[in-house]
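Take a look at the structures below.
Next, two complexes with chain A in common: one pairs it with chain B, the other with chain C.
After this line comes the complex of A and B, so read on.
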């Protein structure tokens, strides 16, 4: 059952990715509609996957790399669907949804599918608060990253003498900058909440709200980078390019916090 | 798009034209109070924090020598990179950031306060010209009727307006979300509070670790960071330690300790603690953090010959103990007892030294004949294991924690105010000239101009309709 839900979600994400990428070159209003519809179904299928896992084993969120990847993918799809309710820009999907697909596909390739053996430290209801907040924050940063990349591409198009096909596909710099800002102002409070709830949990589980464990430190590094971007934007008047570049750098820190710490550095969070 | 309204286009205080005339003190002050410094420090802290996650922190000296060699170790020690987050330079950066936050907020606050509390009540020419969102209507209608229509529109879209009459015009003004302007200050106060909480907890509180064997009692807590110990005015005894595994694996599922608190010879509290469920006595937390096999455990080994006959007296040894057996030139060491080695049964790790060579082997309760395969003149079989486990307790008293939680709450509030409370202001001026009534409408917002514009345009069209009636 679990496998069916997961396979369905993977297939649907693949369909959505394909259609969003197709939309870059083939401008037909049906294409993004197919993509969006598949995304809704993928979201539901992934939800079904987590439901089945929860009913079967207990606490499926982020207790193994396999589940983390799928949950991260789910958060990206959710945040994308929510943000595009406001900004109706299907092109953004071509820069964001492939990421959700790759994460899910990576999960499918993992040899260890999470056996349901949860380390004692993770048996707490804080898991259900801390993990979703952190992952949703990260997903917003994926969107900020997508908008940042699009901004740099569009800027390049505008500067070149002969704007290519992308120029007509991508929204204006102003809109891209606005999406980037929106994603940051939602992602940053979510990241903050993720760190705070993690601290509260750590205080109860390990006896210290902060002990410079690699995961803690890397989430702080991410926080500091985004704090710098927001200060640049709100007071010094950084717009566009600088904010876009920093969103990309910040996103690299997000990725390292997620993968690097689990796979390379060892610490309290390396449960896998 | 997220442009501040024109009223917030404040400078950061850098590169003022009158800098030459200022003294050294104010130049330093300007530098310390600048947002540029804040951004610089945030980035420097982010980059330097990386080192501590890559370089071994607070490890034993020999671990550094093995990992980095003597030369690099000396460099790391000199730069305090082996205990980076408490090094003088990292703490200096943090203190500099705190100073920067404090000064920067003091410098900017009066301006923000003015924007927050002293919005212009009259829509004059200059304000109209500089407003980002605006519209004007000229029509021959009764000024009182026009004012009433304007009032109706504002009430419907924004709230109850204040009316100010000046000269031959009346301005209706309404604003909302003023306190959002305080968001950044609230966040910055929360960061100062965090620093206070961390400092207080660090100076007054303590963190220690005790390894308590089953049946043992102690009131002495060795500290984690210093070679010292704290004496508690009560004692803690561990009655039992239990470890459960996921069936068929060596993956721990849960572990508990039954602790008893003893004060003045009386048992005052009993509690079973486990991970995520600490014992709290007088604000001192006892966390279940680890476990292990106590050195007072013993293993009794039978000594057999290859024909499976008892070849000599059994030996009983502690972990770490060396021993010899008759008829075998080797020196054996019982290295480690493994409680759940195979099929839920215990095992031991052994070391054998003969001449210059050293080898390791395992004895398993679940597989008693295994050691024969080692091919020596004699082999061992586990006859009995007297397992004494210890529970690893993290002991902490941190009086700064309530301040930390307060700071976290304040920070969340501040972030909400800063990002989700939008300061919107709308003015409508109605000229009182009966010949031709001029109605001007203007608005500003400090966040999210796109959605403000939408609302503003709708309100403006409602105003136009209202004036037709």
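After this line comes the complex of A and C, so read on.
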């Protein structure tokens, strides 16, 4: 059952990705509708996956790399769909949804697809608060990253004075900048709460709020980067290009916190 | 029924001919009434713009030639122009070509400025007028509604309408790509040239809220500003005023830069980096082109804009090819609809006649047999139905196939006569 839900979601994400990319070159209003519809179904299928896992095994959120990847993918799809309620720009999907697909596909390639063993000390409902907050925050940063890349592409089109196909396809700089800003203003508080709840949980579980575990350190670095962009934006008008570049750098930090820490630096947050 | 088009356009007639046969708001209603009075015209619509006068009519297929003469005669007679003067400029289209023509006109592919948006509105108006005069029927209604939806498809699926091919429209398009909505934005004119004024007019038409005119002589600035109900300022105030301007159009006759890189730096700081679009249409240039390297500043000079226009013209040709493809598909669909529509009544009549015969005979036989189990009754029904369907299958599918190939006319008539379907 679990496998069916996961395979369905992977297939639907593939269909959505394909259609969003197709929409970059092929202007047919049916194409983004197909993409959006598959995305809703994918969200439901992934939801089904987690439901089945919870009913069967207890605490499936992010206890193994396999689950983390799928949960991250689910958060990205959810945040994208929420954001598109305000910004009706299907082109954004071409820069965000492939990420959700790649994460899910990576999960499918993992040899160990089980639920991770969590030490008894960590068996707590803090898991259900700390993990979703952090992942939703990260998902918002994926959106900020997508909008940032689009901003840089469109800016390049305008600065070079040789508008090509992308110039017509991409939305205005103003809109891209505001998507970027909105994603950061939602993502940053989520990340902050994720770190705070994690720290409280750590106090319960390990008896210390903070112990410079690599995941903690890198989360803090990520937090500082995004704090810097938001601060610069509100005080000295770091908008447009600067904000876009920073959200790309910030996203690299997010990725490293997620993958690098797990695969390279071993610590308390590493998966089995 | 056949769709017939008789008309002339900027492609076939010079303006002195076009103006002689164009209809005005005042006399177009009268024109439509006169048109449908022609004995062979069953439905009619007149499209009259400054670039074309076209008459669309639904006419009987057999009377195509007669209808054609009638409509040409109507145009000449209504406007008191000798037919011989008109005839060399007239074109006629019927069948597939007429459908394709209507779709192309509505999609602005036949316009003098390909992609210009006004033509669709003009066709809608022409159609509504004819509909109000009750001059349109099933065929033209369907044709025009289809034309509107085709035009919409072309607009959303190709970039034909988005490619600005004049410098001032290209400027508006660029501004929209930088600022998104132009509502609430401020445009500043430096110098009071004619071209700057034109570009400003387009920007105001696209929603720009405030206009500031800066000029060496204040009187001239005030005069131009009043045309936009804007504000005027002298050149000394330039830098202060720049901080409030999102779009700047500069066209002074000054020999050096009016706005240099350093000034842009300072102004941008004051604006907290809110983007600026600086358009320099002066020769020699007014704005330091290296200011384009500053973040959130976009400097376009006259050559840059011309380059955008050239790229758009190129893109538009490609887009036009895509649009033609869409239209070809839609034309095919429309013709299929019409053909199956024409064969349809014959098939329905044939089937219902045969069914009537079957029912009557089955009932008669059932009565004679008397006590029949339900299962046996059902078997008799099924048997007779199968016989009927098998016998009717070849003629019905032959009719359908002929309809799709467009050879319906003769076969239809033959079947109707053979089975006395018109009685």
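By our rule, the second predicted complex is superposed on the first by the 266 of 272 C-alpha atoms of A that agree within 3 Å, B and C clash if a C-alpha of one lies under 4 Å from a C-alpha of the other, contacts with A are read in each partner's own complex, and residues count from 1 in each chain.
Quick note on the criterion: a residue touches a chain if its C-beta (ideal position, glycine included) is under 8 Å from a C-beta of that chain, and two chains touch if they have at least 3 such contacts.
Since the model is a prediction, treat every value here as computed from it, not as a measurement.
Trainee: Which partner chains sit in contact with A:236 here, chain B, chain C, both or neither? Use first/second/both/neither.
Mentor: In the superposed model, A:236 contacts both chain B and chain C.
Trainee: Which partner does A:53 contact after superposing on A: first (chain B), second (chain C), both, neither?
Mentor: Touch status of A:53: no partner.
Trainee: What is the contact status of A:29 with respect to chain B (first) and chain C (second): first, second, both, or neither?
Mentor: second
Trainee: Have a look at where A:218 lands relative to chain B and chain C in the superposition and call it first, second, both or neither.
Mentor: A:218 sits against chain B, while chain C stays out of touch.
Trainee: Please determine whether it is chain B or chain C that touches the greater number of chain A residues.
Mentor: Looking at chain B versus chain C, the one contacting more residues of chain A is B.
Trainee: Given the touch rule stated above, what does A:154 touch, chain B (first), chain C (second), both, or neither?
Mentor: In the superposition, A:154 contacts chain C only.
Trainee: Does chain B (first) or chain C (second) touch A:168, or do both, or does neither?
Mentor: Touch partner of A:168: chain C, not chain B.
Trainee: Using the superposition described at the top, list the residues of chain A that contact chain B and also contact chain C.
Mentor: Dual-contact residues (chain A): 174-175, 236-237.
Trainee: Considering the complex alone, what residue numbers of chain A touch chain C?
Mentor: My answer: residues 27-29, 154, 158-159, 161-164, 167-168, 171-175, 236-242.
Trainee: Chain A touches which residues of chain C in the complex?
Mentor: Chain C reaches chain A through residues 156-159, 162-163, 174, 176-181, 271-275, 292, 295-296, 298, 300, 304, 307-308, 311, 315.
Trainee: In their complex, what parts of chain B are in touch with chain A?
Mentor: Touch list, chain B to chain A: 1-2, 4, 9-10, 12, 35-36, 38-39, 42-43, 45-46, 49-50, 52-54, 57, 85, 184, 198, 207, 246, 249, 251-255, 274-276, 278, 285, 287, 289, 394-396, 398, 401, 404-405, 408, 411-412, 415-416, 419, 448, 450.
Trainee: So in the complex, the part of chain A that touches chain B is made up of which residues?
Mentor: Within the complex, chain A touches chain B at residues 115, 117, 119-121, 123-124, 174-175, 177-178, 181-182, 185-186, 188-189, 192-193, 196, 199-200, 203-210, 212, 214, 217-218, 220-221, 224-225, 227-228, 231-237, 253, 261, 265.
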